[in-house]
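Have a look at these structures, which come just after this line.
Here come two complexes built around chain A, the first alongside chain B, the second alongside chain C.
Now for the complex of A and B:
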């Protein structure tokens, strides 16, 4: 592979600057902290909440420790890599001695400044992520040496081009139809390329032992996350949807081993709570699945509305929570080739993402979640201009109508403008669910 | 999490047991068995014909038991156990083995096939176990696995049935007078055995005199070349997948039972996340379990009933092994 092929080529870079002065940036930064702590306060109102969540709240609000840790890590010669989407193989990144940080964001205030370099008719997640990282509201962004962007939806594809003006960008070529063998082969090749790129970045070979070790660690992470989710299958729930979102989203930037330990602590506390009969929600509370566009901190609007209106989110198939660590790796032998293939499969085949041509796999997953978590209704959240989820809604709603599963479509933005309207609709939906019993 | 019964471990035990029994079982030979007590057991009438193929001689008497398998004829003194069902298709019609001698064995193997399908390859066959053993050695050495070219595997898939049918026709044709092959009775003697990799491998493994390939006649030269190629196929098992098993006439005959047998592999399509682990782990590169999206029953001809896919499947209750409608084994997520 040539050097030229390795990098994202941009022959006509432009020098556009987001015209925001320092004061405005500071204001946005303050606002971010304000909204974060406001969200946490709303979360704290829930009764019988597990105490171990305090750790996750802390690291979300106060990233200084993690930044210090990463700066020390960089001083020792380590590299930090920003990633988008769930298609980036974290095993490889960790094994090469780098640390991945997921860059997605759900912050409203950074949308307006980002619109100078990104068209208005783009989904808010992309605009917000670009603005959030570009304005350096996210202090972790400055630490990134490379940003890896899988070419998943159209927005992400073009975001790679825009970001390459300001930052070193690698893309991961995603196949569109994963049902054919060719796309799997292509994807495995792409993973191999990524491995070579990482090796060139760090100047070290990715060893078999190292990779095996990290596969096992991340397998543990999957096991822990699955255990946390499976606790929500019980009739009486000990952790609500918002808290599980909070816990999972701290893994975007936290150290995985520490995160695993903390979640284990949390799971143990929740299990003890079941013994002690301490519950967040009883049996009579309507159980809801949330699906659709990913909800990313601090955009907790829909979740707040649902859970403050008297229902509980028991499951989701979002790439930012329920599916983030769901899929495990199973291997029959530990040779490098087999490991790369297994990693490739893990990040392509079972991933519930609407960017693939077929939507049936996602529907299967939704039906299965509904059955396993005994959910009564589905909230389909769509970020305005997120086309892929919108396309799938039609098929899903028709099918659910036939199966008489209540579904409601909430199309919204990051702004709080339509909060009242959403609240009325969701309250009516929950009332309907209660009346159906 | 519950501890899971490891079906792969169970299978390994079965494989080792039968490997020892079928390859080294000859050393268990007990001449003092009184043949009068056990009905239907007599010295094998086809033994003398076998001797003409220079089979090594160790024991003067040969026993047959009720085990449904015909042992490999090239194994010295190990005719106690019948290890190969091809006996009924090649030897029995050609040499007129008396009914009382082969019928009990034949019925038992038919019955077992109706119950377990193509269980032989995954659980019993010493050649399959040898192939798995080679793969294990590679894993221990930490060598990379190798993928064989698609074209080659496709060729095997297309020609395996033709090959099997041809083999049986050839085996029987040498006694049908008007075809004109009767003149080559000596050369075409038991074609299936002459091309089988076990012919040299098993005697070598059990420290006997190997039966080298013969090159004294155009027909024997052709058969020897095919035999050598098959022996090489068997050693391809070293690279991770079973190759010889896709071409083995015995396995192909048994695979005809696979769709109607009582052991059924079921898949819950809703629970399946399409993660592709079943496809990747399959020693036969069988895609049916992965690709099937509508039907529940995922039994297929290529399956050797090793149930590795059920063992590895990470979704709870997604894949199930059922016997007469009763679940005997199901997939479960393992957190290692």
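Now for the complex of A and C:
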């Protein structure tokens, strides 16, 4: 009885009729690899890139080692948990002995097949993620014992229902207004529920010692990610926006301890490059912040366009990059109660996601980034039908106009058909920034 | 002495403006067709021919427009947005300082906002769909079997423009066909189309923060019914230059001239 309550209720499951034969799946999978390789080729055209980037390139292109590792982990009884969004407390998952894998996708080819089970008028991220996982293009999906979906935007909520036809799903009930006490109480309760669910899944209690250890490890992950980002505050930049994205996107699936070590290595190389006067962008290069709907691999269209048009992305507030590991957990008291509350706070209070009723914190964050990173303009990326970001654009653009901060809205999808128009807009925006100097 | 060229390769037409010592001396327009490189070569040679010069005499060439990279000559490219602003500021208006530009081209509609020094502060372009552009009117004119001149005359003669709701060229075309079937007078349909485009263009300009004086250019500015419609929607007059189609090519040519002068002084 209790066991049943844990699951996402779906009393009328349905079968999809999607006729995708083996050959088609192979074609889509090949295309995914082709696009990934093409992305890397474009990145490699940049001179003076850090050599340690190679590690991240390799694991993004070839996930076989990680899959093997996870298969062995599962053979020993370990559980793999698929997660969406940045609201799922990974500390708890690791402390329970499970491994989280982030499942979002930015791949065009998986959209059309998904449209049988997802409405056409849904944002490409949701459609692509469902298609990517449902069609088993993503080999990591098959390893997942459970998929956790926070009820963040409407797309994610309904995706939980759709995916529950084919997979074991848990939702994580998100508050809408995070500024009221009731939301915090409810959210902390939800975190406690998740702890219990994980304990029942593994049959083991999450110990205080384990949780403390993982809070500390992931605290370190936040610290190295922050250090990597802060390098772009320099007038001359040693790592561009695309490479920063690339590094963060590998954290979707990589082992966190190995990832931390590799990022530390990269940061050290970049620091040495600064000493040696090795840069990817000089002082005169226009500095841009990108914000809005998250860019998920292999969707690099807008980033490529900005940086291939002679500008550099110095910062972002994306849940798939700059904001992914931004918020640390700060604790004095290591009681279980204090840890659970601190985890709750970390994943609620400072998260600048547009699913919440208020957008002012996100605006503050953007203004802060603009100052710290000396950005000259903001590219506001909206995935078509991603309503929450579209809503917030209006308030932000009005404020920025008053503050004379140049901002451009780029509304697009995953397909390449509008690449020409986007290039014209972004080039004109960069010309505008240069003319303002 | 210097001779420079600005080449604007639009989706429908290719335009060239030649400057001699910074002053416009010749211009030409042709259809882009399938081979934009050939179109650009032709229109450039034609323009140069008008002043008895050839490509060898060119000191600097800047290309712009959607085909700016598809041609295999020229020293540099700039976007049509920057070029349009440069051209419009150079020409100015009889009524005072220009603060906004509305450009209706074959495939794009743009609104560009300028500050008091003529620098761009904001710009907005239509979506990838062709509704509200020159191409849209072409398609409808063809399905109504009216040449463009007549088309505009009919639009201006209507007293009861119908409401066209479709925002997509394909759907609008079928909406028009069903209106014809209902025996709605042609001029009312055509006037309705102009009204619908004018509203869409004015809305786009308003989101960008349009303010007078508005400089209206691109091929669409040659259509008095559109000018009238946009003025009605905005609530004030807009200024149309003598040759609205070549403003962007002119801007590119000015850019070429400035670039060349800077190179010479170094």
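Just so it is clear, the second predicted complex is superposed on the first by the 435 of 437 C-alpha atoms of A that agree within 3 Å, B and C clash if a C-alpha of one lies under 4 Å from a C-alpha of the other, contacts with A are read in each partner's own complex, and residues count from 1 in each chain.
What we mean here is this: contacts are C-beta pairs under 8 Å (C-beta built on N, C-alpha and C of every residue); 3 or more make two chains touch, one makes a residue touch a chain.
Just so it is clear, the structure is predicted and the values come from calculations on it, not from any experiment.
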In the superposition on chain A, see if there is space for chain B and chain C together, and answer fit or clash. fit
Contacts of A:41 with chain B and chain C, given as first, second, both or neither: neither
Mind working out whether A:216 is in touch with chain B, chain C, both or neither, as first, second, both or neither? first
Would you sort A:9 into first (chain B), second (chain C), both or neither based on which partner it touches? neither
For A:432, using the defined touch cut-off, is the partner it touches chain B, chain C, both, or neither? Pick first, second, both or neither. second
Angular separation of chain B and chain C about chain A, which is computed from CA centres of the superposed model and rounded to the nearest 10 °: 120
Compare chain B and chain C by how many residues of chain A each one touches, and report the one with more. B
Which holds for A:23: it touches chain B only (first), chain C only (second), both, or neither? neither
Just checking: does A:345 make contact with chain B only, chain C only, both, or neither of them? Give me first, second, both or neither. first
Smallest separation in angstrom, by C-alpha atoms, between chain B and chain C in the superposition: 25
So chain A touches chain B in one structure and chain C in the other; where do those two contact lists coincide? none
Residue positions on chain C within touch of chain A in the complex are 66, 78-82, 108, 119-123, 125, 127-128, 209
For chain A, which residues count as touching chain C in their complex? 401, 404, 406, 411, 417-418, 420-421, 424-425, 427-428, 431-432, 435-436
Under the stated contact criterion, what part of chain B meets chain A in this complex? 135, 138-139, 142-145, 240, 269-277, 280-281, 293, 308, 312-314, 333-336
Residue numbers of chain A touching chain B in their complex, please. 184, 208, 216, 219-220, 222-223, 226-227, 327-328, 330, 332-338, 341-342, 345-346, 349-350, 352, 360-361, 364-365, 367-368, 371
